[in-house]
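Note that subunit A is present in both complexes that follow, paired respectively with subunit B and with subunit C.
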Partner chain A sequence: MDAKFINPFLIATQNVFKTMLSTQINLGKPSVKANNLTLGEVTGIMGFAGDKKGTFTISFSKECATYAYRAMIGEDVPTINSDVVDAIGELTNIISGQIRVELEKLGINLRASLPTVIVGQNVAINFITPLPVITLPFSFDDGGMTRQLFIDFSFE
Partner chain B sequence: MEGTVGKTLVVDDFATMRKIVKNVLRQINITNVAEAEDGKVALDILKRDPADFELIVSDWIMPVMTGIDFLKACKEDDAVRKIPFVMVTAEAQKDSVLEAIKAGVDNYIVKPFTPDKLQEAIQKARAKPQRQ
Partner chain C sequence: MDAKFINPFLIATQNVFKTMLSTQINLGKPSVKANNLTLGEVTGIMGFAGDKKGTFTISFSKECATYAYRAMIGEDVPTINSDVVDAIGELTNIISGQIRVELEKLGINLRASLPTVIVGQNVAINFITPLPVITLPFSFDDGGMTRQLFIDFSFE
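On to the complex of A and B.
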């Protein structure tokens, strides 16, 4: 996987969090994923087709997911429910759109599917491609607590 | 915003985005809102009483009937073609924007957006002279 493909995912994710959630998220050290299991409790999944094919996921802990809902809607939610799942699906959709805009700047045109959201940790994901899966860990401050979320992607 | 806006139809398959759009509309005193989860449901609502609606805010990527097909159906229908149509979508690629403009969209806003940006897009769409 060419390192230049990390930037579109980085820029898109940071932009969406800043604009829709008023939240600055910071990238940690990217790594090659050791398995194909979900890292968080709620994971949005989007497939890509077109000039390339592949998959990207965005995975949230329970605290991260409820934070995202609160930041988007302005309402507190105590736990993961259907509203939170819906919000993560829409967030996945919006980030996917921005990733495709950034990749278009590199001459890569992609179409996206409808997002899928799964609830549960350590759920196996089929990333479609045989290439390694890259993990981008992001962190942000939630009232003094550091929260993490993970973008995983692979495409060829 | 100057003037009042009658009933607005918000179309998105995600309840979250419908809530976000409704929150923004409320900030500009648009509180009379109907919702639909796809283009087909939206079209059915509009056709029941087209004169009741003064604004449409729609997503693009939706199951059953997409936003672009919904837009084309609206602009082909004499009873609803004059209702300002704002597309609010994650589809930001140039071809998508051009397709929507060709189909007669009154304004186009890309997600993610700030409340100010959506309000501005709605104002501009409403200010546009509508085709007869």
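On to the complex of A and C.
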């Protein structure tokens, strides 16, 4: 896995959070994913095909998912309902589009599939590839509370 | 959702089971998926991109997954371990390839992403699309026991 792939995911995710959610998010230390469990509670999955084939997931803690919903829709929501699932699916689509724009700058043209959204903590999502899966941990501060999201991706 | 899409999934899945697993599988009644829960215990997810964007999942009951593993690898396995996950991922890849061959005959060219495999019963996998998700239930007899698998798919 070439480290140059990290930047497109970083820039795309930060840009979407900044423009759509007016939120500055910070990247922690990228790592090779050590297990197959979802790190958040609501996880979008998107497949890429084209010059390469790949998959990325974006996993939101419950608090981050409800924060994103409130920032997008303007309503508070107490729990992860189907509206939140749809909003996270839409956010997965939008971030996926930005990632593809950034990857095009590296000469890599990809098309996106339909996203799916998984609800549940510690759900085993196994990437079927001999290549490493990279985890990018993001966080931001919301009135003294730290909210987290995690992007995992792999490309062949 | 055009009913003509059902046949490529049917033919591809039956062909792969026949040629790779020497198993004749039968299609039950296709339906529009009424909820978002996995019907089996090991579920491959594959994204398609190209002329259309879509996603399909193939969900194996525990008994069907261990049967498929034995038929592919020649070893009994008591439980869903990482070897079974890898085998189901490989089967998802192979069936996806056959589906794309069949869809090409309808003039639809697609490319595949990397598959992921989810382990767990009643896991909520939400397809993010306004279009219906079609479920194709398959079954076969294994020495008096019925074994089941389910394909769900949607295209835009």
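By our rule, the second predicted complex is superposed on the first by the 154 of 156 C-alpha atoms of A that agree within 3 Å, B and C clash if a C-alpha of one lies under 4 Å from a C-alpha of the other, contacts with A are read in each partner's own complex, and residues count from 1 in each chain.
Basically, contacts are C-beta pairs under 8 Å (C-beta built on N, C-alpha and C of every residue); 3 or more make two chains touch, one makes a residue touch a chain.
Not measured: the values here are computed from a predicted model.
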Counting only touches as set out at the top, which of subunit B and subunit C does A:39 meet: first, second, both, neither?
neither
Looking at the overlay, what does A:156 touch: subunit B (first), subunit C (second), both, or neither?
second
Which partner chains sit in contact with A:86 here, subunit B, subunit C, both or neither? Use first/second/both/neither.
both
Would you check which partner chain A:119 touches, where first means subunit B only, second means subunit C only, and both and neither mean what they say?
second
Now for A:25: first (subunit B), second (subunit C), both, or neither, which partner does it touch?
neither
Now for A:136: first (subunit B), second (subunit C), both, or neither, which partner does it touch?
neither
Of the two partner chains, subunit B (first) and subunit C (second), which one does A:10 touch, if any: first, second, both, or neither?
neither
Look at A:64 in the shared chain and tell me whether it touches subunit B only, subunit C only, both, or neither; answer first, second, both or neither.
neither
First (subunit B), second (subunit C), both or neither: which does A:100 touch?
first
Which chain makes contact with more of the residues of subunit A, subunit B or else subunit C?
C
Counting contacts the way the document defines them, which residues of subunit A are shared by the two interfaces, the one with subunit B and the one with subunit C?
86, 89-90, 93, 112, 114
For the subunit A and subunit B complex, residues of the former touching the latter:
15-16, 19-20, 69, 72-74, 83, 86-87, 89-90, 93-94, 96-98, 100-101, 104, 109, 112, 114
Seen from subunit C, its contact residues with subunit A in the complex are 44-50, 53-55, 57, 82, 85-86, 89-90, 92-93, 110-120, 123-129, 154-156
Flag every residue of subunit B that touches subunit A in the complex, lowest number first.
13-17, 19-20, 23, 61, 63, 89-94, 110-114
